[in-house]
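Several structures are given next for inspection.
Look for chain A in each of the two complexes below; its partner is chain B in the first and chain C in the second.
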Partner chain A sequence: MRYDIIIIGGGLAGVTAGLQLHKAGKRCLIISEGLSLHKTPKDEYIAAGGAFLPGDSVISGEWDGNALKAVRTRNLEGTRLEADHFILASGKFFSRGLVATMDAVIEPVFGCDVEFDSCRDKWYNDDFYAVQPFERFGVKPTEDGRVFIGGVPAANLWAAGEILAGETDIEQSALKIVSILVK
Partner chain B sequence: MQESNISPNNFEQCLKCNLCTSVCPMMAANPHYPGPKQAGPDGERYRLKDPAFFDLTLKYCLNCKRCEVACPSGVKVGDIIQASRLKYGHQSNPLRDTILASTDFVGSLASPMAPTVNALLEWKPVKKMMNLFGVDSRRKFPSYSKLKFENWFREQVPSQENFRRFVSYFHGCYVNYNYPELGQDFVKLMNACGYGVRMLEGEKCCGVAMISNGMGRQAAVNGSKNLDAMRKALRDGSEAVLTSSSTCTFTMRDEYEHLLGLKTADIRPHLMLATKFIFDRVESGDIRLVFKEERRGKYVYHTACHMQKLGWTIYSTELLKMIPGMDLTVLPQECCGIAGTFGFKKENYPYSQLIGSKLFDLIKKLNPRAVITDCETCKWQIEMSTGYSVLNPISVLAEALDLEKTSRLNVAVPSR
Partner chain C sequence: MASQEYDVIIIGGGITGAGTARDCALRGLRTLLIERHDLAAGATGRNHGLLHSGARYAVTDSESAAECIRENTILRKIASNCVEETDGLFISLPEDDIEYRKTFIESCQRAGIKAEAIDPKDAIRMEPAVNPDIIGAVKVPDASVDPFRLTTANVLDATVHGAEVMTYSEVTGFIEENGRIVGVTVRNHRSGELSEMRSAVTVNAAGIWGHAIAELAGISIGMYPAKGSLLIFGHRVNRMVINRCRKPANADILVPGDVVCVIGTTSTKVPFEDCDDIRVTADEVNLLLEEGCKLAPSISHTRVLRAYAGVRPLVASDEDPTGRSISRGIVLLDHETRDGLPGLITITGGKLTSYRLMAEQATDLVCSKLGNVKKCETALRPLPGSEEEVGISRQSDSLGRKAAGNRHGARVFQMDFADKSEVVCECEHVTRAEIEYAIKFLDVHNLIDLRRRTRIGMGTCQGSFCMLRVATVLAQALGCPEKASEFVRQYVEERWKGLTPVCWGEGIREMEFMRKQYGK
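Presenting the complex of A and B:
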C-alpha cells in the first residue's frame, strides 16, 4: 500500500496532522495504537476519506540509508506500507511511544535518539505533585522536526506531539510539520 | 519480574485508565452492565480467588472487542470476559440459547423446507410463540435458501480442478444455508483471479455463536475439526484458506487459541478474508483486475466490530476504491448492536436497537445506494433497521469486474 504520508500515532498530534494533510490533498494513513480519544477530528478525517488503522502498531521499518521506505504493522502482517514521509506521533510512556528500561529511555519502533537523564535517580522528583523530570524526556528533533537515529538525522521521519522532548504544544508541533510537508 | 508474571490475557497490565469503558457500546446503553474494565481485568482478580464473584450481568457483553482495540496496554479485556463466561457462566435460557447457537443443526433442518420455514418465520402466530420462547418477535430472521451452497458447489468441482492454483473456501453457515449467492460470487471472483476453489473436507460452523452461548466444549470440537480440515487443504496444495465473513475469520484466527485453547499458529498466516488475499496479490502483480466502466453511485462501508479488531477494513475499502466510478464513504466505526445471536434474544433486543441507532441514523442521512460490510449479522441488523440493502465486498467486486478480461489476464484456464 502506498501513501504520501504515514502517521504513526492517532492522538491529538497524529489526527491533527492527518486531517490537515488530507485537506491539503495528501494521501494519508494514520496508524493508531488505540481507538483515538479525539473522536471528532478522527471521524472528520475518516469521513473525508482518510485511511485509519485502529488498534494496530508498527512493528518494523525498512530503511534505505537514512530514508524510511516502508513500515509493517502487527495486524496487516505481510503488507508493506510505503510512503514518501512518515510522522512519528506515538506519544510518551502511556501509549508506549517511549519505553523506560532499567537504565535508559528508548523509542521502541525505530530506535530514535531520546533525550533523558542518564542517572536514573534523577528521573523522579520525590515531591509527587511537582513536575516530574521524566515527563520532559523525549525525542530531540532537528530544527525543522526530523528525528535523529544514532546521531544522524533521518531524511523523511518527522516527530510531532508528546513524543518530543521538553514542553510541547501538541497541535502546534503537528501543524509545523504539516506546513513543511504541504509545500 | 513483570515479564515472568503475565497471566493468560495479561490482566495485570491493566492500568485502570477506563479507555475501554469509554468505547464500550453496551456501557452507553445499559446501566446494568458493569463495563469492560470492571467485568474484565478487575473482576478477574476476584474470580480467581472465588468463582462466586462471577457476575451474571457479564452476559450483556457483546464480545465486540472494541475494548481490546482501545486498550493501550494490550490487555485482552474481551477475552477475559468471554473466558470467564465460558468457565463460570450458564445459559439464561438453555433450550433457546442452544438452538440459536446450533447454526449447522438448525440450518440442515430448515434448508430442505426453506420456503415453508421462511413463511412460518414471518407468520404472526409463530412470531408470538417465539416471543414466549425468548426470541424477540420484532427480530427479522435471515431467510433460508432451498439450495445449500455445498450442494451447488458439488456440481462445480470438475471445472474448479481445471486451474493451476488453488484456494480453499471456508464458506460458513450463512453462505451455506441462507445466502449461497455470496459463495457463488466468491467462486466467480476467485476463478477470474486465476484460482480454482476447493471446499474444506467436513467444514463445521466456526463456533462463534457457541462461544457466546456458553457452549465452549462444542465450539472446541468444531474448531479442531475445522483446523484439521484446513491443515489437510494446505497440504493438498491450496495457497490459502479464504473466507467472506469477518466474524468467522476472527473467531478461527484468534478466539480458537485465546478462548478454546486450540493450537492455530500453523494455520493463522494462511487463513484470511478473501479481500486481504486479493489485495496483497493485486499489489504484488500476481492478480490483475479489469473493471467494467459504468456509473455506480454512492456507497457506504460499515466496519463490523470484528473487522475492526482484525484491522483489515483497509483491504476491503482499498479494493472497493479500485472500482471506477465508485463513490465510497467509510462510516465512523460504530457497533450495529446485533452481536450475532445476542440481538435475537428478547431481553436484549431493546439494547441491540438502541446501540445501533446512531449507525442507522447516519446511514439514513447519507442515503446511499447500498451499504457494504464484511459481516453477515451486521447485514441482517442494518437491513432490518434501515431498509437499505447491504452487500458483501466480494459480491460488489464480482459484479463490477469484467470477468472475461480479468480471467484472460490471470490465465484462468491453463493449457492442458
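Presenting the complex of A and C:
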C-alpha cells in the first residue's frame, strides 16, 4: 500500500498535519493507536476522504540508508505501508511515543535520538504544579524538523507535536512540516 | 483558654498511641489521644505491613523474637479482620551460607517460633513466585497485617469505651507545676485554637517525633531516626511472605497485602529535621528492585505503583551507621525515676507487631501511678470488626459490600447500603455507604484520611480516575461542598510524592496523565 505521507499518531499534531496535507492534495494515512481527542480536525479529515487507521500502532520500519521506505503495524503485520515521507507524531509517555526505562528515555519504534537527563532523580519536580523536566524530554529534530537516529538525520522522517523536546506549540510544529512537504 | 481534665493523655495517633488509648480506656481511665496529623500517618502506615513471626530477629535479637511470636499469636485472634494468615518463607539462595539455616532454625525454636525446613521443590510448589534458584527454605508463621485497619480498630474501641480523640492537634508544650507534668498545651490545626489539656499522667507515644516531644519537657531520650524505604507493586505476585535466610539486610522481605505486595526496606540514619518530609531516592529504588528480584523474579516486570518511606523510632545504644543492629525491643521510660520529672512516660522502640504489648506495658505503668489495679484485657478482647465472623459473602452481595466486609469485618453490618451501594472508587470497590460509615465512626476530615480508612484511591489508578468524584462525594457528606477542590489538591500532592521516585514505565505515564488531568 503506497501513500505520499504516513502520519504516526492521531492526536492534535497528527490530525492537524493530515488535514492540511490532504487539502493540499497529498494522499495521507494516519495511524492512530488510541482515542483521538481532537474530534473536529479528525472528523474533517475523514469526511474529506483522508485514510485513518484506528486502534493500530506502528511496530517497525524498513530503511534504505537514512530513508524510511515502509512501516508495518501490529494489526496489518503482513502489509508494507509505503510512503515518500513519514511524520512521527506519537506523543510523549502516556501515548507511548516515548518510553522511559529506569535509566533512559527512548523512542520505541525507530530508536530516534531523545533528549533527557541521565539522572533519574532530575526527571521530576517535587512540586506537582510546577512544569516537570520529563515533560520537556523528547526528540530533538534538525532545523527543518527531521529526527536524528544515532546522530544521523533521517531523510524523510519528520517529528511533530508532543514528541518534540522542549516547550512545543503542537499545531505550529505540525504546520511547519506541512509547509515544507507541500512545497 | 479552654481546659479539660483527664486521667491520661496519650501523644501520638500511631499504632502505639492507639493501642495505649484502647488499653487505658478499657481499664476505665479518662483518656485523651492527641495526634498532630491523622491516625497512622507516620511510621505506622509506612512499613511492610508484616506481622512478624519473630523469625527475622531470632538469631540477632532473641528478646524481640520472643515478643513477636507471642503477639503474632494474640493478634491473629483479636485482630483477625486485620490479619491475613499467609505464613512466610525464609529462603537461601546459592550465594547465601546454607549453614546459617541451621542456626536460624535453632534460634527460632529457642524463641518459641515454629520453623520448619522445607525442601526447595516443595517450597516452590507452595509459593510459585519464589526465586526458583533457592537451595533451601524454612517455613515460619509470618503473616500480613493492615496497619491502617489495625490503628483504626484500636481507636474505635478506645472511643467506644469513652476515650476522646483529637486529630490534627499538635502538642506545643507541657504544663509543669511544682516540678511535675500536669498536662499539655495543644494547637488545633483545623481551627487554629489553642487549649490546655490536663492529666495525672501523660504518655509520649509519638514515635520518632517523641524525641522532640521529650525535648519540650526538657528531656533527652537519644533516639536514632532510621529511614526505611519501600516499594509497592501494582499487583500481588506472592501469596506468602518471602524473606531472605541471612542476617537482616536491605530489601530482603516481600510482603503480600490485599491485592498488592511490598518490598523493603533500606536503613539509613536521617536528621531529625528531615522526618516530616521524607523522600525516597532513585538509588534506594534501584537497590530495592535489584534485591527484591532475588526473592521473586517476577517483580522485575511488575509495575511499581509508588515508593514510600518511614522512620523507625529506634533508641540509640551505640554508634551504628545503619541502625540495623539496634534492638527492636520495647523501650519504656519512666521520666520520674529516669529524669526526676513525674507525670510523664515515654513508650517507644518496638514494632508494629509488638504494639499491643507496648501499650500494655505503658498502661501498666500509668495504672501503677494512678493506683488503678484493673488487669489488661487487650490480649483477650477482639477488636471492633473482629468480634464475629462476617460469614461467607453471598453471591447476591454487591462487590462493594463484599469489599467493605473484607476491610471492616463485622462492622460492615453498621453500613447502610440501601440506595448507597454505588461504587465511587472502582479499583478498591469503595461505595458511598462505606464512605458515610467512615465519616460517621472513623474521624475523617479530608481525602487522605478517607484513603487510610477505606483504601480509596490506593488501587492501580492511584485516584487519577476517581479523585474528583470522591472529593465531591466526601465534601458533600461532610457538609462542606466548597472544600472539594482543596481535598483534590492535598490528595494529588500526596500521591505525587509517592510517584516521583518511580517515574519510569507505567509510573511516568501515570504522572503525565495526572498532570494533564489535575495540573493546570
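Worth a mention:
The rule is short, and it goes like this: the second predicted complex is superposed on the first by the 183 of 183 C-alpha atoms of A that agree within 3 Å, B and C clash if a C-alpha of one lies under 4 Å from a C-alpha of the other, contacts with A are read in each partner's own complex, and residues count from 1 in each chain.
Please note the rule applied: contacts are C-beta pairs under 8 Å (C-beta built on N, C-alpha and C of every residue); 3 or more make two chains touch, one makes a residue touch a chain.
Everything quoted here is computed from the prediction, not taken from an experiment.
In the superposition on chain A, A:K69 contacts neither chain B nor chain C. Between chain B and chain C, the partner in contact with more residues of chain A is B.
Applying the stated contact rule after C-alpha superposition, one finds that A:K23 touches neither chain B nor chain C.
In the superposition on chain A, A:W123 makes contact with chain C only, not with chain B.
Within the superposed three-chain model, A:E135 lies in touch with chain C and out of touch with chain B [touch as defined at top]. Shared-chain residue A:F94: touches chain B and chain C both. Once the two complexes are laid over each other on the shared chain, residue contacts for A:I46 go to chain B alone; chain C is not touched.
Contacts of A:M102 after superposition on the shared chain: chain C is touched, whereas chain B is not. Where the contact sets of chain A with chain B and with chain C meet, they give residues 94, 96. Contact residues on chain B toward chain A in their complex (touch as defined above): 15, 17, 19, 22-23, 66, 68-72, 269, 279-280, 283, 308-312, 314, 317-318, 329-333. Residues 1, 33-35, 37, 39, 42-43, 46-47, 49, 51, 53-56, 73-79, 94-96 of chain A touch chain B in their complex.
Those residues of chain A that touch chain C in the shared complex are 92-94, 96, 99-102, 119-121, 123-124, 126, 128-129, 132, 134-135.
Touching chain A in their complex are the following residues of chain C: 279, 281-282, 286, 289, 492-493, 496-497, 500, 503-505, 508-509, 511-516, 518-519.
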